[in-house]
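There are two complexes below, and they share chain A, which is joined by chain B in the first and by chain C in the second.
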Partner chain A sequence: MTTYIIRRLLWLLPILLMVNLLTFTLFFVVNSPDDMARAQLGNKHVTDAAIAAWKAARGYDLPLLWNSEASGWSMLSQTIFWQKSVQLMLFDFGVSDAGRAIGADLAQRAWPSLWLALPSFVLGLLVNIALALLLVMFRGQWLDKLGLVITVIIMSISGLFFIIGGQYVMAKLWHWFPISGYEPDGDLWRFLLLPIVLGVIAGVGAGVRWYRSILLEEADKDFARTARAKGMSQWQVMRKHVLPNGMLPILTGVVAVLPLLFMGSLIMESFFGIPGLGSYTIDAINSQDFAIVRAMVYLGAVLYVFGLILTDIAYAWADPRVRLGDD
Partner chain B sequence: MLVLWSDVVVWLLVLSLVGFGWQLKRDALARERWRLVAQSHTALASSVILLWFVLIALADSIHWRTDDPYRPVVSVLDVALGKMATGQEKSYSAPFAIESLWKETRQTEDGSVIRAPVALKYAGTHLNDASEQATDIVQQSIFWLVVGAGLAAILVMLLARLRLFKDTDIPWRTAALTLVSLSALSAWLWGMGQSYHVLGTGKVGQDVLYETLKGVRTGMLIGGLTTLLTLPFAISLGIAAGYFKGWVDDAVQYTYTTLNAVPGVLLIASAMLLAQLYLAQHAELFASEQERADVRLLLVCLVLGLTGWTGLARILRAESLKLREMEYVKAAKAFGVSDGKIIGRHLLPNVGHLVLIAVVLDFSGLVLAEAVLSYVGIGVDPTMPSWGNMINLARQELNREPVVWWNLFGAFAGMFTLVLSANLLADRIQQVFNPRATRS
Partner chain C sequence: MKWWLLLSCIVSLSAQATWNNPYPRGWVHENTLFSAFSAPPKTLDPVKSYSSNEWVFLANIVEPPLQYHYLKRPYQLEPLILTQMPTVHYDAASDTSSYTLHLRDDVAYAPHPAFAGQKRKVTATDLAYAIARMSDRRNGSPILDMMMPLIVGLEAQVATLAKLPKSSEWRDYRQFNPQGVEVVDERTLVIRIKGQYPPFIYWLAMPFFAPIPWEVDAYYAQPGMKEANQSWSWMPVGSGAYYLAENNPNRRMVLQRNPYFHAESYPHEAGSTVPKSLLADAGKPLPFIDRVVFALEKEAVPYWAKFLQGYYDASGVSSEVFDQAIQLNEQGKLSLTAEMRAKNMQLISSVATSSSYMGFNMRDPVIGQGNDKATYLRQAISIAIDYEEQIAIFLNGRGVVAQGLIPPGIAGASTDCNPITHVGEAGQCQRRPLADAKALMAKAGYADGIDPATGKALVLYYDTVSTGADDKAQLDWMRKQFAKLGIQLVIRSTDYNRFQEKMLAGNAQIFSWGWNADYPDAENFLFLLAGSNAKMDSGGENASNYKNPQFDVLYEQIARMEDSSERRALIQQAVALVREDAPWVFGLHPQSVSLFHGWVNNVYPNLMANNTLKYRRIDVTQREQAQESWNQPILWPFALAALLLMGLVGLVWRKQRKEHSL
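Presenting the complex of A and B:
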């Protein structure tokens, strides 16, 4: 098991390396620091001196890969690649183009993101599985058909409508919730409840259909049929046979996305004014702060890779037939 | 005549669809399956609606230049919509209103100065008095509904005369009913649109219904072109990985895991930010704003396509791994058939249904994604009519007093109808072509 995980890590490391190279190419080679400076300072009426000063202040005035003016070790280290990309690889996020320490921002903003994303995810999962189970229990009957129609309809509505509509109706018209905002201590739940509820509603269409198809596959298998034939009630068949067997694909799917919850949700956070990583990303995109975008790309990649490893471990843990390491 | 790049793409997309339908004539099995698809009432009705959207997009894809400085480029759709396209008010007005939502200060006949709404320039101008409005709307509605339904009914009867409906398994009645109601609705919208603003007007006074209809082309193009762009990558890489295994498989898996590792929105955002920078610095390349927006639309599709092929590639890889162990493939290998021929003859035809299902599923997802991208500011050009841009504006409009909800409603109605039809058709296609698959 340990050797397997180490081997897996060694396979995943090149992916992080590649992601880093990709962002380096995109942000420093395709798009030169001069372009960045011009975009930040305004395209017209900008002097060369202003561009040089902007670059120097952010450390973008170094050569890309090889510093021929320096000597010894500095030839490698006094370059944009080393200062920005390699440091990022080692989780030194550096300073944003606007001059703030990205690492500190991330640590501070991860919590609001998590407070929103984790309850939304857990609640959504429970609701989706419960509804899917209900539909599978009444398979082929009117409840199942009605459920399928409703899920298709929900799937066909953009999440933006749920958010805009929900915010308007429940917060502005009915005053059930505050419209937006965030208070770290005290009334946290008052602010988080509406986005959580809307997130669950927006995801229920695709979610229920997905879990329904997983459970349906188990419900068609021989052991479920046998259980029904020997007189078990439908509910017991679900509880004792269908659900436990369906748990494996559900669990591995959940574990894969769990780390990514850290990234927060872009739309929710910016709509409800929650100072998490999602709104951080949107702000960075809007202000064209490439340093933050680079940091978020790398963070996302790390979390994704972490999710892949967790999936493998979850497989081995949940299904005794899977043995890691000796393939 | 002015040919935008995206016009070419739209026509090519539709032609390839027609070509796809044409080659069904030779394939008996596929024809049988499509008949099964058509036997579903919902799938058939959805197809009729989708066809209607395609026609709108096509009409909006023939452009030419005019001398009018306010509308330098027009399309067939603009001309067909008549006053809906040209009736530009000053600012907001409510659906079917004949007075503006904004107020203007003016002097009345007796000399006093008041602040009141003004009469709209292009709505209800044929009325002698505001009190006639309700009767006029009812009368006109009945007229246009009857005209629309009647025209469609005549068309259906003509088609029936041609014995087109001899295939009795297919619920032609549903198709005909959908066509008649769709036609009645369209005639009503068009007819009312000539003397009122059916969905009101937006911030700069444009007709919202017109804007919604213009959004059809953008939505269809993003869904259709992007899906098509993903196919070459997904098919070639997915099949190669599964069939050749070894280092090819490693390389392909490495590539798509890397692409997946980068958060989707950020990858698209990075690419679009760079593209925007490029477009801004090379503004001289484009003769008009519309042409620049057009190139940006294609870039959005390209970027979405470059990141969107991984899902299908993964499915095709798994399927090819299974197929290469089949006896007929092994036999072909033993006879010395070349790899290229084996892939062409044995693998490609056997993964066709997976590709088809992915295409229809991705389409609706991408139409929805456009709205989110426009919201983040990395989607289509803000000057381009699109549902995403309408939703984006609607956010502030809901905070106005009185509330301006019609932009949001227009985008909602257009998007919902298109995506729901596509989803329903996709469901049926999946049911017929791959009944055992789980849908993600």
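Presenting the complex of A and C:
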């Protein structure tokens, strides 16, 4: 397995280089440094000299990929690609187009994202599995049918509705939670409870249906039938046989998502005023701060690839029949 | 462990009278004003910042030499950190004007690590340092290109600094004073400008000219500071009523009372239109509030909801909540709804010192040029676009139709109707009938909108940055306005960058733009049509590329004159010229509407001043009582949820029992 992991990690390099090259092309060909300067300098009194000064201050006055005026190594290193993208590969995020240190911002914002995403994820998982188990227990009966109808309804409703509706009912009408905000010192839970609850509710539809189908498959297998024939109650069959066997696909799906929890939730963070990485990305897009957008795209790619590796490892760990790197 | 967590939650909840208080415990009981911002500021560097959403913070932290009187109208400048208004002396021999600034001796910066615990007073060197710092291109001051031809020696200074080796090391700008900036002594500074330009004094009321202590500049230039977001952009230092105690543009900005703030008292005088109740605090020392909290609130819905719960002291009125908050009375005036009156709200509205207009590219062969045909066409379009309707439909009545390019409230603003588009009836300006526009179309050679060259409807092109789904209705409406004349309007939506490129290259035919006053002087609007500022030639702000020698002569005269009846007459002549030439369809001046809770005192709109937090006073007791009565938690849904849960558990238990009994 170690050889497999090392090989997969080595594969990371060309993948990330390609991601970097692609995002670089996308950002600098579609949007020239002059465009970036205009977007940052505002509407009033923007002169050519001001644009040139803005570019020079941020290193955008260099050629894109090849500096023919330089000599030797500088022909490659004295380019925007080298200065921006290669540094990014080394996780040196540099400063945003507005002049803030991106690394410091990421470190600060990763925690709120995680505080929101991790409990939402774990709680969502528990609730979804518990409800799916319940529906499987009562399969074919009125509770199962009602549950399916409700989950389909929840799936059909936009997540935004739950956010706005939840804020309106639980925060505005019932005064249970602050409508939005974030206070890391002390009462953090007061601010996170509502988005977590709403996140769980919004995810129940798809989650329950997905886990129900996995558990139903297991519940119909021979070992479950045998257990029932031996006199075990439905609850015991579920708990002791169906659930442990259903955990393999559940686990692999969960592991793939784990690293991405750092990236935050774009909409949830914006609506609840949580200063995480999701709202950081949205802000950067709105203000056309491409240094941040590039950093976030790159970080997302790294975490995604990392998540896939973790999934493979989780497979091997959970199912002894799977062997990695034995080919 | 989980019991501890549960216990801490219960203790935490029971300790609060309300559960939904979005602030740290205790803050709502203190002398704190709560406000919000919707987008993080890009920079708070005094020489760089040029945006109203940044000046909301910055203007309360740094102090330029002058400020606008809070209550006098028309807007009037007064000394802020000076002992008196600058004395201006024009020297005809050198054709320069000298502005002599005498600093107060009790003005000191808020505490900062760079001062090593010492109280640091503001000196004339700091004012000169700010101008020298502005002259360095690497600091990116947006007004540098405007000041260069004005301040003596600034251009040479820019060239000198540009020749220095490219480095991120600290530059001690005390060694780089422009020739026209002279530190006479510790408290006296002389700024010399070329020729006569009275509006220069308004620039002295903006943060660009706020003093910069060299120690702080050197402190921020140290290695590692930028990486820790310690810079002028994020931790500005000044002598204002507040200092930036917490700067987290990702979440919250907190201003705290500056312990070294100089003596300043609430004004004794007010303009004749200002309610006398606003003078109740006259003579009392400023500021009244100890702390101002700005929370990042990106979405309008939660902002409004928190305002109604009493957790924000003020709020704007977005279109989503307009009907809940505002109603139009029979005279078409805005007033509060019964719900808002019951909450003892205050409605503050004022016509912004801004102009939104539709511009014609005067270099365009169809719509532009100085010939009569194109002029008639522009005039016809000016009549046809019914801005009264646009204000009613899209702005809920929050706007005033423009009769010229200068907004109301600014010296020289037109009080009469634009005779090209409106006729005066019973003191009101009524838009001319469509028949007048059609007659002008016929004179222009486009009878019924038919272009004789093609025999089909005249096709015009409208460039806009409105690309969202919400803009579609407005664009459809605009198409209909042109269709009234038989013109086919082709809308070319584009992003702002491409739009800027088109404007620079003169590739746009018709476009929409706007201008927000830098200062309350007609010159700040007339320059938008000065030939020397044509965008295609100089990249200036004259986006229409309008060039009329008569207008340019008038503009040059106006720019060099102090406010007087003679100057106002010249302004009217200039306005009459552009009304006739119609390089713009004078659109509208938006009306800003804000709501304040009854416990916020001394609220009066001042569209020029941004340092108004120091005048505000709040009644904390009244706020506490309101918050408590408005936010009691509703508990019955808990009981309902518990019942549902118990029912579900019971169901499972019953099934289990049933299986066991089989």
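Keep this in mind: the second predicted complex is superposed on the first by the 318 of 327 C-alpha atoms of A that agree within 3 Å, B and C clash if a C-alpha of one lies under 4 Å from a C-alpha of the other, contacts with A are read in each partner's own complex, and residues count from 1 in each chain.
FYI, a contact is a pair of C-beta atoms (placed from the backbone, for glycine too) under 8 Å apart; a residue touches a chain by one contact, two chains touch by 3 or more.
Quick caveat: nothing in here was measured; it's all calculated off a predicted structure.
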Check chain A with both chain B and chain C modelled on it and let me know: fit or clash.
-> clash
Tell me which partner A:Thr47 touches in the superposition: chain B (first), chain C (second), both or neither.
-> second
Applying the touch criterion given at the start, work out whether A:Leu277 contacts chain B, chain C, both or neither, answering first, second, both or neither.
-> neither
Does the superposition put A:Met155 against chain B (first), chain C (second), both, or neither?
-> first
Which of chain B and chain C A:Gly181 touches, first, second, both or neither = second
For A:Val200, is the partner it touches chain B (first), chain C (second), both, or none of the two (neither)?
-> neither
Using the superposition on chain A described above, determine whether A:Asn286 touches chain B (first), chain C (second), both, or neither.
-> both
So, does A:Asp35 touch the first partner chain B, the second partner chain C, both, or neither?
-> both
In the three-chain superposition, say which chain, chain B or chain C, touches more residues of chain A.
-> C
So, does A:Leu258 touch the first partner chain B, the second partner chain C, both, or neither?
-> neither
Determine, under the contact definition given at the top, whether A:Phe138 touches first (chain B), second (chain C), both, or neither.
-> second
Among 235-243, 397-405 or 415-423, indicate the stretch of chain B whose C-alpha atoms run into chain C.
-> 397-405
Under the contact definition given at the top, report the residues of chain A touching chain B in one complex and chain C in the other.
-> 31, 35, 39, 164, 168, 172, 286
Which chain B residues qualify as touching chain A in the complex?
-> 254, 257-258, 260-263, 265-267, 269-271, 273-274, 277, 280-281, 364, 368, 371-372, 375-378, 391, 394-395, 398, 408, 412, 415-416, 419-420, 423-424, 427, 438-440
Spell out the part of chain C that touches chain A in their complex, as residue ranges.
-> 9, 12, 18-25, 39-40, 42-43, 50-51, 137-138, 140, 142-146, 166, 226-229, 231, 233-234, 248-251, 295-299, 301-302, 305-306, 308-309, 311, 496-497, 500, 518, 539, 541, 631-634, 637, 648, 651-652, 655-656, 659-660
List of chain A residues in touch with chain B within their complex = 14-16, 18-19, 22-23, 26-27, 30-31, 35, 39, 43, 152-153, 155-161, 164, 168, 172, 209-210, 213-214, 217, 260, 263, 266-267, 281-282, 285-286, 288, 290, 293, 296-297, 300-301, 304-305, 308
Using the touch definition up top, name the residues of chain A that touch chain C in the complex.
-> 31, 35, 38-42, 44-50, 53-54, 56-57, 95, 98-101, 103-105, 108-109, 134, 137-138, 143, 164, 167-168, 171-183, 185-187, 189-191, 233-235, 270-273, 275, 279-280, 283, 286-287
